[in-house]
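Heads up, there are several structures right after this.
There are two complexes below, and they share subunit A, which is joined by subunit B in the first and by subunit C in the second.
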Partner chain A sequence: MATYLARRIAQAIATVLAVLTISFFLVRLSGSPGALLLGDNATPDDIAELNSVLGFDQPVAVQFATYLREALGGSLGDSYRQARPAFDVVLERLPATLELALFSFVIGIGLAFVAALVIQLSGARWAQAIVVGLGAARQAVPDFLFAVVLVLLFAVTLGMFPSFGRGGPESMVLPIATLATAQFALYFRLFTASFAEQESQDYVRTAVAKGQSRTRIVLDHMLPNAILPTLTVAGLNLASLLGGTVIIEMVFTWPGMGQVLMNAVSTRDFPVIQAGLVVVALIFVTVNLLVDLLYAALDPRVRLA
Partner chain B sequence: MTAVANPEKVAADAVAPSGIARPLVRRRVRRGAIPFWIGVALLAITVAGIVLVPLLPGYDPMTQDLSNAMLAPFTDPAHLLGTDPLGRDILSRLALAGRTSLIIAAVVIALNVAIGITIGLAAGYFGGLVDNVMTGIADIQLAMPFVLLLIALSAVFGPSTQLMVIMLGITFWVGYGRVARAMALSLREREYVLAPKTQGAGAFWILRKHLLPAVLPQLIILASFDVGVVVTAQAALDFLGLGVQPPTPSWGGMIAEGQKYLQSNVWLVVLPGLAMLLLIAGSQLTSRRFTAESGAGAPGARS
Partner chain C sequence: MAQQPLLKVEDLVVEFDSTSGPVRAVDGVSFEVHEEEVFCIVGESGSGKSVTMLAVMGLLPENARIAGGSITFRGRDMASLTVSELNAIRGRDVAMVFQDPMTSLNPVRRVGWQIDEMLRIHRKDLSRTQRADRVHELLRSVGVADVEEKARAFPHQWSGGMRQRAMIAMAMAHSPALLVADEPTTALDVTVQAEIMKVLAEVRRENRTSMILITHDLGLVAQVADRIVVMYSGRVAEQGDVFDIFDRPSHPYTAGLLASVLGESSKADRAYAIPGNPPSPQNRPPGCAFSARCALAQGRDMCTGSVPVPVQLATGHSAACHFAHEATASNSALLAVSDGSVR
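What follows is the complex of A and B.
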């Protein structure tokens, strides 16, 4: 267990360091950020001065060392446009993004779990086929298109929900409906697959042979084994959920991280973009570390391996 | 962190389980014949539109005509599907956007297959350090959503089609890499691979002559599923303005533009949406048959 723990933590740290390194060099790919920031009308002197203020005139190795030292101290420098720490600019918008992502995740995976479990208990093959079909249909529609269609139906035509902005619970309905349905489709397939895999195991055959009830077999024997793999997948899908949320934010002009980052693209606010990448990576790494530890705590095979 | 490495694969396997306690899903031998042909029909319509529309006499995706802006579909014979807010012909723009999408999808998938097969074969055949490096790269990629990476690159270079193609081209390889690695792991112990080794064949020669021909067909099957995935991802980036740049039309870009006119003209969103769905649903229904038959799942992460 201790070895496993140490290895996983080392892995997590390595991933964060790699993301820090990548985001450092991404910004340096352009050569002269000063020229990018000042635009076409800047004189060479202006550019040189700005590059020196921002530290871009130093050797890359020195810049990288400074960057890493500051990053480990919890700073990625100031936003070029807002003259305050880039982390603050990103973090103050993080709750709005997490709100969408978390609600969608919980609703989606919760409903998927209940649906898969009920179907497994009842053995209703037709119901499973219908839900799988609906899920496949949902997954064929890109999230942003689904969102626009929801806006068209429920905001423009029916006027039931606002189509943009963040204010009150009703403004969350459409964005969450978009993301939660996609999450539901994904996790319903995973739970169903998990159950199907358990169903063909010897221990289920034994339970059936000794005459246990279906309810008992599903709840006591199959359920714990079926949940665990889905947990891991949920952790690994976190980053893509956050990425998807960023896209959906743009449909609903939701004041989350997506908006900050897209603004940062047009104003070339590199520290803010670096902060965005690092924050997402930190969340991803932390959650997956927790998932793995939980997994190890619940599954003796991992613990003893 | 890779206890269940490929969620899509697990899900795909659900299609053909052999349960014991009153199986929920029957083993479906002839499963998917009808959906497959529906998929083929959808793809045929899409491709026919993309190929044939440019041959029509009125084909003109670029010319603006403000006096004929925002025409509804089927009102003007010169503009069968109407015009956009700048008076450009929507049918022509849909066709050109579709061609762009397909070309981009082909390039993106080719890049990913090439990267995946190179890294995967090397990791599986050599093992050890190469293998660890591959797993490491895959882990890092999982932690950085491609949307954010493309946002970062767009901030530096300005958004462009090339940038998006490169970004997507290095995003979906992990699925191919895993399959190539797994196959190489099992194939390297086979006699026909060991035999040339005893006669002094180099690793590169063995990889190219004996492993590649076995692995490539499998990966091409997987790639067929990814057409829909890549078109979806690309459309989302176009929608954000990070991909294909105006005035070149893209379905995602047309939807973003149309979203401003939802009150007055829904066709601006509905038509490119339908075009996109034809292609995505068509490719998914078609490829599902191959992925189910080969027992392989769909690779790659969704946006």
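What follows is the complex of A and C.
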């Protein structure tokens, strides 16, 4: 277990290093940021001076070495726009994104789980067909369009909820409704398919031959097996949800990490882009590690070694 | 024999849904199983032998249904029971051991838990410790050592043969009147097969349990069977006691099966094989399902014209062949050619 954790942490470090390297070269493909930062009226001398202050006049290898040395010290430099540590700029927006992503995830997967389980226990095929149909319809609509429809209906027409910004709990309703419905559709299909797959397994037939009741077969036998395949998908999905609900944050002007990253890209605020990518990478490796640990706890066949 | 049979299956018809309409996987099967006997159902893959027993246990998949006939267990019509009435019988009075012990146990539950489940269902009066003692006792009765440690293990930590022992321990939890074993040794190593059959014989004797053994292994049948039914393409070809079937086979198909096994043991020749392949239930030919492969049938209108009814040859021995009497004679000739004696 200890060696397993050590290996996974080493893998996580390697992943973050790879992300650091790739993001460094990727952002530099668009050239030096001096011109863009200073605007149309800047003289070539001003631009050259700013590029020199930011270190862009040095060879790329030197820039990269400086960048890595600073990164290992826990800093990715200051934001060009805000003149304060890039990590601070990103991390102060993290709670807003976490709030949105976690609530949507928990509500979506929780309701999907309960709905799939109730339908499995009751054997109500018609209900399953209806929910799958509604879910497919929801998934066919892009998130931004669905969000706009919700805003038109509940904010503009009915005036029940605010259409943008992060205020009290009521400001969370529409963004979460957008994300959670998509999450629900995804997980309902996953759970349903997973249960259907277990239904034809031999061990279920064994349990029926024992005289076990349908309820206990679903809860004691099928449920633990049905959850396993959905875990992996849920892990990846949660990580990408936490990594940025960019479109939703733009539609609802939600002050989250996605919004900061979008702005940083359009203004070539390199340190902020890099800090954002590192944070997302850390979220990914952490969630995946937690999912693997959870998987091992639930499936006795999996050994962590 | 005068007493009421333990299980009586009469004219059982099982249909599967298919895109081209219902398919009769089991077509008018009748047999009786008596107390404390070993009853073998023999046939090739697709002959309907397993489906017949799944129908008896109420375990048919959703796309299949009993379309005719009756199943009577201890005088009760199984098809008319509610699910909870059926659940009171399943596992307690009739238990089942399946073909593949790798998949028949739940992979995420401890073996002991899965045996204990039998007690939780049917013996609600027992306390937790009483149940644990019983689980250990059951495991010991099928030859498992270190039962306390083994009971805590998960199925993947057991070998195939051990898992089949666990399945048997589970099935014997309530000393059932009838044990249905569906190819219990097919998925196991040859060396393990004999051990499992020995365990089955022991627990059966101790618990005075009747056993229905579903198999295609005629060597096994010769060793353990009291009575035998031979199935072909969803129908009963022949049934009788072990001597009737092995010494006086009266259906050309039975004779072909025996000859193909005997041929294996003869050094001189290659194994005898029945020409052709068994028809799938969708493409069952009119008349006798075996007619296309049968040496006796060649050209006779009766074989392709009407489905043969069982011909009574002796008490308890019948063959569903229009020319059963003729077949008996020609079968002896075939068996003589393929050299050797069965038992």
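Convention: the second predicted complex is superposed on the first by the 276 of 305 C-alpha atoms of A that agree within 3 Å, B and C clash if a C-alpha of one lies under 4 Å from a C-alpha of the other, contacts with A are read in each partner's own complex, and residues count from 1 in each chain.
Criterion: contacts are C-beta pairs under 8 Å (C-beta built on N, C-alpha and C of every residue); 3 or more make two chains touch, one makes a residue touch a chain.
Predicted model, so just to flag it, every value in this text is computed and none were measured.
*Asks:* Under the superposition described at the top, does placing subunit B and subunit C together on subunit A give a clash or a fit?
*Replies:* In the superposition, subunit B and subunit C stay clear of each other.
*Asks:* In the superposed arrangement, which partner chain does A:225 touch: subunit B (first), subunit C (second), both, or neither?
*Replies:* second
*Asks:* Specify the partner with more touching residues on subunit A, choosing between subunit B and subunit C.
*Replies:* B
*Asks:* When the two structures are overlaid on chain A, which partner does A:239 contact: first (subunit B), second (subunit C), both, or neither?
*Replies:* In the superposition, A:239 contacts subunit B only.
*Asks:* Should A:190 be classified as contacting the first partner (subunit B), the second (subunit C), both, or neither?
*Replies:* first
*Asks:* Now for A:165: first (subunit B), second (subunit C), both, or neither, which partner does it touch?
*Replies:* Neither partner.
*Asks:* Thinking of the overlay built on chain A, is A:298 touched by subunit B (first), by subunit C (second), by both, or by neither?
*Replies:* In the superposition, A:298 contacts subunit C only.
*Asks:* In the superposed arrangement, which partner chain does A:205 touch: subunit B (first), subunit C (second), both, or neither?
*Replies:* Once the two structures are laid over each other on A, A:205 reaches both partners.
*Asks:* Tell me the contact category for A:261 with respect to subunit B and subunit C: first, second, both or neither.
*Replies:* In the superposed model, A:261 contacts subunit B only, not subunit C.
*Asks:* What does the superposition give for the shortest Cα distance from subunit B to subunit C, in Å?
*Replies:* Once the two complexes are overlaid, subunit B and subunit C approach no closer than 5 Å between C-alpha atoms.
*Asks:* Indicate the residue numbers of subunit A shared between its subunit B interface and its subunit C interface, in ascending order.
*Replies:* 200, 205, 207-208, 214
*Asks:* Can you name the residues of subunit A that touch subunit B in the complex?
*Replies:* Per the stated touch rule, the residues are 8, 11, 14-15, 18-19, 22-23, 26-27, 29-30, 36, 119-120, 123, 125, 128-129, 136, 139-145, 148-149, 151-152, 156, 163, 186, 189-190, 192-197, 199-200, 204-205, 207-208, 214, 217, 229-230, 232-233, 235-237, 239-240, 242-244, 246-247, 250-251, 261-262, 264-265, 268-270, 273-274, 276-277, 280-281, 284-285, 288, 292, 295, 302.
*Asks:* Given the complex with subunit C, which residues does subunit A contribute to the contact?
*Replies:* Result: residues 200-203, 205-214, 220-221, 224-225, 228, 298-301 of subunit A touch subunit C.
*Asks:* Note which residues of subunit C are touching subunit A in the complex, please.
*Replies:* By the definition above, subunit C touches subunit A via 57-59, 61, 83-84, 86-92, 95-96, 98, 100, 103-109, 117-118, 121-122, 154, 156, 167, 170.
*Asks:* Touching subunit A in the complex: which residues of subunit B?
*Replies:* Touch list, subunit B to subunit A: 1, 3-4, 7, 10-14, 17-26, 136, 139-140, 142-149, 151-157, 159, 228, 232, 235-236, 239-240, 242, 252, 255, 259, 262-263, 266, 269, 273, 276-277, 280-281, 284, 301-303.
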